[in-house]
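Presented sequentially are two complexes of subunit A, the first with subunit B as partner and the second with subunit C.
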Partner chain A sequence: MSDVEVSGVSKRYDELWAVKRVSFTAPAGSFTSLLGPSGCGKTTTLRLIAGFAALDEGEVRIGGRPVDDLPPWRRNLGVVFQNYALFPFMTVFDNVAFGLRRRKVPRGETAERVAEVIDLVGLPDLAQRYPRQLSGGQQQRVALARALVIRPEVLLLDEPLSNLDAKLRAEMRFELKRIQRETGVTSIFVTHDQEEALTLSDQIVVMNLGTVAGAAAPKAIWEQPESAYVADFLGIENLFPGTVGAAAGPDEPVAVSVDDGAAVLRAAADRAPGSAVVLGIRSGDIAMRRSEGAGAAEEPNFLDGAVREFTYVGSAVVYQVDCPDLPAPLIVTAQQDFAIGDRVRLRLPPESIKLLRPEAPPDRSGDRP
Partner chain B sequence: MGSLFLRSGRGLVTAMAVFWLVFLVAPIVVTLASSFTSSTYLTFPPPGWSVRWYLSAFESEWVWSTFWNSVVIAVVSTAIAVALGIAAARVLARHRFYGRGAFEYAVLSPLIIPGVVVGFALLNVSVLIETQDAGLLNLIIGHTMVTTPFTLRSVWSSMAGSDISLEEAAQSLGATRWSAFWLIVFPLIVPGIVAGAIIAFTFSFNDVTISAFLSAREARTLPVELMSHIEYLPDPTPAAVSSLMIVITLAFFLLVERTVGLGVFADR
Partner chain C sequence: MSVGRAWGRGSRFPASLATPVLLAFAVFIVAPCVMLLVKGLEPAAETGAWPDFTNVLGVFDSKVGQQALNRTIRISLIVTVICMLAGYPVALFIARCGPRWRGLLLAVVIFPFLISAVVRAFGWTVLLGDSGLANKGLIALGLIDRPIALVQNEIGIIVGETHLLMPYMILSLLAVLQRIDPNLRHAAESLGASPVSVFWRIVIPLTLPGLLTGTLLVFSLAMTAFATPFLLGGGRTPILTTLLYDYAFTLFDWRLAASIGIVLLVLGILFVTVHRFVSSRGMRSYG
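Moving on, here comes the complex of A and B:
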């Protein structure tokens, strides 16, 4: 197995940098996700690794060897496409055997290896069927089998689950995890779905406008996202720009005043006074109860508000709460029932408030990456 | 509503069928019938029946020589048009470049420019570069020019069904750019190639307007020769030759229908 080192890779299409100084390393045998919204450059990065497009600057190394001068057919990579890209006029067997035939593998061995990999991906006996006769899930497995049969150094997956329905997608997620563990192939997986990235990956590389916004293990990126952008993409619902004030003392929470609002919240974090931050808190970390007294909350990290709207999501209810001290409504998840207009008191625990790095969006134009 | 729509639809179909019978089938029937006439001049209905004009056609040197000219021109120009059509379709389907639109319109322009204009223009050019006596060459060039839009269009539309990711998949599995094209793209565009080639061949074999300008003394096509015969001689040999051409064309389409199916003509 080989690791993949992407260093300072840039690619320009017309006036814009589709990918700009992107660097990350996918360790050998690991599962790395490139996560980001459409147009963030994640697929372009994958295509540069595969060799389908030529990079303008930087270097891609696979197993320590620079591959930028190699065409795709010399890189020994397995690629699974979003639309599967199965050869429509070939049977399942011929599709899977395609790579082995290009490698002049003898017939007997070809048949053996095809049978082996078809078994690995959990396909029933469909070898003589054509792609159009298969279900979406089966086509997906054929695409995986075809990419794996050549024993690639790296497996590249471009949103392979996005064309499946929700139930099948969850099932294939487990399958993908199992297959990756059994083969131990270094995998790079492109997705816009944070849940997919969190459940599958050893490492998540979050991308934004052609640049890397943050890279870490799922747990680390979930608990302490580097920047406001990463936090937003990983579903931290409440984000407010603020300014750090003075700390009450060493190891005491710092007070952060919310910009465009009267709220001052304490956060268990260490930041220099005066620095600009983004306060982030998940909807589920906020405690909400009916406010009894008429007086405003005086204790730290308590806010008063009124329920504006709610949506029932099955396991809980998600509320939108208007707080006079905040510039935008707060999103709160609660088990208890509240009605629209109910006056509520909210507690935002200091240890749940994340102070995130605000980020200016990267500039995609210009002659230099 | 529905039944009214259905009824007017049926009326339209009937009208089309009548139109087709009167204007397309009737002339063919007239030609076929008058080719079997026993008289020495063209007339309908024939006063008596005979196959003498068919024998005359088979014995006429001008029929054979121009027939072979037409076959050679049609085969060669179709082959070149198919090759150019594939190349141009590939460029247009896969690449974005400055002047792409201009290129597209340039290649497709013979479709909208009248054949007379194309023929006259080509004649002028051949006179200018002093190749006006190389009739066969001029005819092949002219026919290639006007049939390439047909092959381009049909190949292009069949390429639309072959996603770029198919080629990339093949390349990632070890196929070079060239073998990815032959192993994956080519089989997918065969129907488009066949359809384009048939249209190009038929057009070339039947063309009069452009050929009339470009035919030199030694290189005349069958339709051009037929036309001048009909113009100057009253004998029914051209009717027999026309009938043979109709039969050959029908047999050709029957063959296509039996082998690849006429569905290749449908734009998918």
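Moving on, here comes the complex of A and C:
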């Protein structure tokens, strides 16, 4: 098994930097996800690692060895494509055996290894079928088998689950995890789906406009995202720019005033007074009840509001609540039923409020990365 | 009223739209074929019964007919092979070009279509003549001492037909080349295939349908070409089409001319049948 070190990698297409000074390390045997919206450079980064495109600056090392001078056919990497890219005129067997035949593996061993890997990815006996005769999920498994049979140093996966329907996607997610654990192959997985990244990865690298916006283990990135951008992408619904005020004392929550609003919220975090932050809180961390009295909320971190809209999502109800003290409606998840127009009182626990680094979008043009 | 009903199965609307074309087909294709068969298989003696195959079989008996038949097949095969070998790299190059260059190069490829056969043949006569650029160049290179005959013979016909038919091969190939998913190449490369290996094992099989379409078009058009072989072949290298013209308009023997027409028709049907058989076997896995 080999680790992958991507250091300061940049790639320019015409006037824009598709990838700009991207650095991260995928430890040997780990599962790393590159997460980001379309156009963030995650697929370009993968293609640079695979060698399908030449990088303009930086270096990629696989197992400590620089690979930038190696063409893709000498890198010994397995690649699974979003559209599977199975050879349409070859049977499943020939597809999977393709890499072994290029390596001049003897016939008997080829047949053995193909059978072994087909078993590993959980394919039934379809060796003589053609790709078009298979379902999407089966094609997916063939693509995986074809990439794994060569015992690659690294497995690169480019949104392999995005063409499957929801049920199959969930199933393949478990399968992918099992196969990665059984083979122990270092894997780099490109996705725009935060749930996929969270469930599969040892490490998540969040990308934004060609740069790395944050990298951490799923639990860390979920509980304390580095920046407002990462928080937004990981589904923290409520984000408000604010300014830190004075703390009441050491180890006391700091008071943060929301920009363009009257609300002042306390957060269990340590920040210098006067610094600009983004307040973030998940919809599920907010407690909501009907407000009885007419008096305004006096206690800290209580806000009054009125239900504006709701959507039923099965396990809960998601409400949009207008708060006069906030510049935008608050998203709240609750189990109880409220009707549109209901007056509600909300509690935002200080320990659930995250203070995030506001971030200016990176500049993609210019001569230097 | 539903759109589905108006256009669906059982609706008379599409059929009525196709009527003019079908009528034209009947008048201009089916009727001449019937007339060809009627004339070509007409009995030689007044007392004979229709159909009489002696004329058609006579084409193979006469020396000139036999030669024209062999020459037609030989030239068509050579032209097809040249178009395939020379057209493939061109199509490959155009497919890899950026959109701006691709447009320009496509225009260059299609250009022969825009020139009349007579002008094109005249151009080749000048280029390939005894004092033409081709002979002068070969002499300058020291490959030959005195001019060699490049027109008024089979070489002239082959050059002219290749020039005429090359676009069909290139366009057929380009149609499939441009549809190839670039990820297939990348997948093969990542599995250890060098560019040469990718070409032979991935690109060639994927372009096989275009190659087959191209050969079908080029061969059948080479076999039935008239103006180009007539103008570049001279009188001593008759092929079936020019021989047919001679019989019809020099000897005014319409029965003999029709017999050659039947031979050409059978040859064409034979080629298409073999081609379809080969294609369907080769294409079984393409879906």
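Convention: the second predicted complex is superposed on the first by the 369 of 369 C-alpha atoms of A that agree within 3 Å, B and C clash if a C-alpha of one lies under 4 Å from a C-alpha of the other, contacts with A are read in each partner's own complex, and residues count from 1 in each chain.
The criterion applied here is as follows: contacts are C-beta pairs under 8 Å (C-beta built on N, C-alpha and C of every residue); 3 or more make two chains touch, one makes a residue touch a chain.
Computed from a prediction, not measured in an experiment: that's the story for all the values here.
Engineer: So, on subunit A, is it clash or fit between subunit B and subunit C?
Structural biologist: clash
Engineer: According to the stated criteria, A:316 is in contact with first (subunit B), second (subunit C), both, or neither; which is it?
Structural biologist: neither
Engineer: Just subunit B (first), just subunit C (second), both, or neither: which does A:85 touch?
Structural biologist: In the superposition, A:85 contacts both subunit B and subunit C.
Engineer: Classify the contacts of A:264 with the two partner chains as first (subunit B alone), second (subunit C alone), both, or neither.
Structural biologist: neither
Engineer: Please work out whether A:132 is in contact with subunit B alone, subunit C alone, both, or neither, and reply first, second, both or neither.
Structural biologist: A:132: touches subunit C, not subunit B.
Engineer: Where does A:103 make contact in the superposed view: on subunit B (first), on subunit C (second), on both, or on neither?
Structural biologist: Both partners.
Engineer: Tell me the contact category for A:71 with respect to subunit B and subunit C: first, second, both or neither.
Structural biologist: both
Engineer: Does the superposition put A:146 against subunit B (first), subunit C (second), both, or neither?
Structural biologist: The answer is both, since A:146 touches subunit B and subunit C.
Engineer: First (subunit B), second (subunit C), both or neither: which does A:50 touch?
Structural biologist: It touches subunit B and subunit C both.
Engineer: Let me check the overlay on chain A: which residues of subunit A are in contact with subunit B and also with subunit C?
Structural biologist: Of subunit A, residues 50-52, 71-73, 75, 77-79, 81, 83, 85-89, 98-99, 102-103, 146-147, 150, 156 contact subunit B in one complex and subunit C in the other.
Engineer: Mind listing the subunit B positions that touch subunit A in their complex?
Structural biologist: Answer in residue numbers: 163, 165-166, 168-177, 179-180, 184, 187-188.
Engineer: For the complex, which residues does subunit A have touching subunit B?
Structural biologist: My answer: residues 50-52, 71-73, 75, 77-79, 81-83, 85-89, 98-99, 102-103, 146-147, 150, 156.
Engineer: For a test of understanding, state which residues of subunit C touch subunit A in their complex under the given definition.
Structural biologist: 181, 183-184, 186-194, 197, 201-202, 205-206, 208, 285-287
Engineer: Give every residue of subunit A touching subunit C within the complex, in rising order.
Structural biologist: 47, 50-52, 71-79, 81, 83, 85-91, 98-99, 102-103, 130, 132, 146-147, 150, 156
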